[in-house]
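Shared chain: chain A. Partners: chain B in the first complex, chain C in the second.
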Partner chain A sequence: MSKLRTVALLIVIPLALLYASLFVGRFLVSPLDVARILAAQIFPLNADWSKSAEIIVLQIRLPRALMAMCIGAGLSISGAAYQGMFRNPLVSTDILGVTAASGFGAAVALLLSRNAFELQLIAFAFGLAGVALTYRLARIYRTTPVLMLVLSGVVVAAFFSACLSGAKYVADPESKLPAITYWLLGSLNAASVKGLAMVLLPIVAGCVGLLLVRWKLNVLTMGDEEARSLGVETERLKGIIIVCTTLITAAAVSVSGMVGWVGLVIPHVGRMLVGPDHRLLLPATLSIGASYLLFIDDIARTASAGEIPLGILTALIGAPFFAYLLRKTRGTWH
Partner chain B sequence: MALALPLIEIRAAGFRYGERQVFSGIDLDVFRGELLSILGPNGCGKSTLLRCIGGALTLHTGTVRLDQTDITALDTAARARRVGFLFQNHIPSFPFPVLDVVSMGRAPHLGLFGVPSSNDIALAERALDRVGVLHLKDRPYTEVSGGERQLVLLARTLAQQPDVILLDEPTSHLDLKNQVRSLKVIGELAAQGVTMIMTTHDPNHALQFPGRVVMMKPGGVIVAGLASEVITDAELGATYGIDIAVLKVPRPTGPGEIKFCSPW
Partner chain C sequence: MGCVGPLLGAFWLGTVAAAFAQSPSAPVPAPVTRQITDAAGRIVTIAATVNRVADPWHANNAMVLMLGGADKLVATTNQARDQPWLRRLYPRIEQVPAAFNAAGEVNIETLVGVHPDVILMAYGGTLPHWMDAVESYHIPVVMLPNESLEGLKTTVRMTGTVLGERESRVAAEYIRYLDENIRKVTQITSKLAQSERPKVLHTATPGILTIDGRRSVIDDWINVAGGVNAADVVGVGRPVTMEQVVVWNPDVIIVGTAPNQQNRQAIFDDPRWREIKAVRDGKVFANPSGAYLWDRHSAEAALQVLWAAKLLHPARFADLDVNRETKQFYARFFHHMLTDAELASIMNATAP
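Take a look at the complex of A and B:
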């Protein structure tokens, strides 16, 4: 496939999916009406569609679709950045313990019966704190060797997982325990315009940060010592990458729960399409990740009468797909 | 012709890992355009000394000055603009095209958010051409042979346009043919006036070059001089602790003779 065609597809597919997501659903709104409702936001159109159609498109489906795209894009670019930084294809966004810590934060918020807004803040704060702890643990002699980061991440994730189990154990099995369990399975059904605004800032900031250092990330994959010999301040660069991915992942987990597999699988798809150069790979994962999670969320909300938890679907589709990739590439880098 | 001022001045250099003193009291000058070989058995501290010269490790005592500037006073990027480093063990990362890997040599000349320009790419191509592997530029660097990859990484240090290139055992895991090929390229670069310091555990490699040799004995004592003065039966015997002789045979074709050493 030519490079130009790949780029064109990477731009068109997420936009087409976004449009489709606005008319797919149990409440029927025709594609034409969707187009007119959207156009009416800019041009003065005669509103002959129902008020409920407009509310569903603009205040329910649009924020939810944009949220899915943001989270999918954010988790994917973070996964790609971490796989590069750790030089390891099996690394995902939760390697430094952010997911486990955020999950525990959310469980605490649910135990304390905080509202959705407070829950999001608490989960976000716990995610940041978890990674800060990992980073502190990994630091020796003013450096943070990659191996120390991975091992510290395992320690912190295990610690917060245990805390989460503790929180579940003490939770009221009639009300609180199901709430925690369902929250952790992941869903975007609470997405709102306000919620979107809150996650947008950290996710966009993180993505911009990663995109800015995308070429230096190529150099970093040569290993710390070589990268330093090429003039890269490796500690500063790793710090930037960790801060950006943590902002993104903590924000994503705080609204959507534990959505796994996206940050692991999508970077591989990106590498198959555009190669290993992070200058192309990072923007590509944004597009693929946004499309993927949007597609999955459309399935989650339309496939059955009730919502299917997002975390189940991403794993159910992600795991076999990753298995296929592994078999196809025999475990080597693409 | 450069003035007699040395490019690199090493004074009273000492380094230890924990309690173990690797070397101490090393004084050495390296001049512009010189190819200096540091010769010694495995574990004698050659690589450590090379890292200290490049500023990747900091001496416990003494100083390394590059062009009158203390090497430790330079920040990472400034150092990389002046010192190129070819490592002994490169663990291949992603299958980047060869040209992309070589253009990474431009990193110290670009800012934190920088990306190589067409001018940087042209410099990278020229560097590949100088080591004779320009034809590989679009191949994934993980798929070329070990010898070719070493040349690609050498080209990357050339693309840095440093004052000096430090080569840590550049041939240690190459087969004979690729050793000869790499050493030939290094010899050609030396003839073009590129300043290089190379460590090697094989006296035969040092014998191939006309430059000076520093022989490093366990404990970090050094003997410096021309190859013909330093690489002698007695010095080699003392350094490696074996019976070894420096031999000469006439070249099979053409004039001149081949010098090599062999244990007996």
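Take a look at the complex of A and C:
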């Protein structure tokens, strides 16, 4: 019964939040008008709402809300998969250097004054390249030991962080430098229908991939050798997980900048709710992550006339919340 | 005349010798230093004659050029050296060592190596962290105000004062010119009712969506030109949400970041901007850019008020010829006759 209720909540909450996000904001659109604007896309309705309201709902809030959900869900499920694969609860999605590499790519795009779409593309490509480099470094005799992966990730991340600092060092302080700085703090302000279409494919593909191998993840958490003795091709599995999480994280970072904390903490919240079994944990983190980032982004865009960077809020609100959960459960969920 | 010079010289030498003979501790007759109060309220002692200037403030390099003191520049920034129009107007800028990077960080060894008499630096409320290090080499730093049109005048005046008498005269001439332009414009715009003042949004980077708010040079020239800043946030380059821009619904949008023309087009191409009044009316404009960005702390602020006034109120400023004013300005203050192609490059903010 309680399990059923949990599952029902995990389905209902993100959808309710999504609807709420469409009428919450600085521009007043009533919940009813939101429903009618949405319905008008399918049924012929007499449009007596303002054109601006329609643009706000369909072009600005909806892509942004969906983007927040995709990214929140993607980062969380990737974090859960990595924590299982590396057998370490402190692991986050950027362990293989994807965030640093994407960040550098974005900074380069900003330095070259590329538009939002090109920026996304360049950041995505750099993210993929960064992880490819890490994977290549970690590869020994057709195996990729976890320790080698972690250390190679540290090396690649350090290298790209230095490149990023270099990019900031040469950036024009009146326009480019603040742009890079704000971008790195994370924001979904650039979300548009076009941008959404571009991130949707890699994130959905990555999530589906991870969901398909989620039962094998349970075996992998026992260690490479045990897993192999149980007939799991560990190298192939690790490869699949790395490809999926990299697709997700690179796509996420390329559009939102560096949104920390989500990939680290949401998997733990998921474990508190449904336990450590990856078959349940991965779908659960998907829902919690989507709801969490959507909620945070609603605050980011409504709390003030300005845009509050996401990276600040995810930690500022997430950290005390996590501290509370930690005290309450005394870390007994593992 | 032929014998008066040496005679006078001998007399002067004699006097000085006598003065020294009488009291060895007596002060030297001509002062070798002078004192100046800077924007941070510090009393700075600088050489009486300044021949070597280090300028870590990109925008101010063009001011120094305008005042006729550019040959005294011994250190500049990467960004000033990369400003296409500054290079066109003053090719030597490329040879001036960049002791400062874009973020205002200093290479102390390069700086000390060029022996500057003084450093001119923008003051935004804090002193640069390298201040103590630089002053320990006895290089004085003069801080200049940078956040309003009034501050711009003070900066020009102080820069002139530091550079010398000739430059001071040009500074006074420029300030008169700027005041005259502001007066010419406000004469008309001050009579405007609030409802006649278009809401102007000035974007810094449309992709990331940062905009320029109140308490800035930008806010000042918008007001002078008979508009109001659509953005009620404080400071420059502030990030805002797309939704907030729709709520502000500006009448006019001015794009202020290179490549201005592409960024302007990006706004027209983006469906999220479509219902905003300025976009519907086709009133999205790229800001001109010359020796420095016109819209920011620049010598061309004097032209910016004219350009913006004409842009916001074309009918009221029908007989104002911004192109002619621009040509005259560059001829008078930068001693450069603009060709029509060059004029177009400045108005379109492209490299010459």
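Criterion: the second predicted complex is superposed on the first by the 320 of 334 C-alpha atoms of A that agree within 3 Å, B and C clash if a C-alpha of one lies under 4 Å from a C-alpha of the other, contacts with A are read in each partner's own complex, and residues count from 1 in each chain.
Heads up, the rule we're going with is that a contact is a pair of C-beta atoms (placed from the backbone, for glycine too) under 8 Å apart; a residue touches a chain by one contact, two chains touch by 3 or more.
Computed from a predicted model, the values in this text were never measured in an experiment.
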| item | value |
| --- | --- |
| Chain B versus chain C as contact partner of A:G306, first or second or both or neither | second |
| First (chain B), second (chain C), both or neither touched by A:I60 | second |
| Touching partner for A:K216 - first (chain B), second (chain C), both, neither | first |
| Partner chain(s) touched by A:Y324 [first = chain B, second = chain C, both, neither] | neither |
| More chain A residues in contact [chain B versus chain C] | C |
| First, second, both or neither for A:G84, with chain B first and chain C second | first |
| Footprint overlap on chain A, comparing chain B with chain C | none |
| Chain B residues touching chain A - in the complex, by the definition given at the top | 54, 56, 75-81, 83-85, 87, 90-91, 93-96, 100, 104-105, 107-110, 112-116, 142, 156, 160 |
| Contacting residues of chain C [partner chain A, same complex] | 58, 78-79, 101-105, 204-205, 207-210, 231-233, 236-244, 246-247, 249, 256-259, 262-263, 266, 270-272, 274-275, 293, 296 |
| Chain A - residues contacting chain C, complex | 25-27, 51-52, 55-56, 59-61, 64, 110, 113, 115-116, 119, 168-179, 182-183, 187, 189-190, 192-193, 301, 305-307, 309 |
| Chain B partner contacts - residues on chain A that touch it in the complex | 84, 87, 212-213, 215-216, 218-219, 221-223, 225-226, 228-233, 236-237, 271, 275-277, 279, 333-334 |
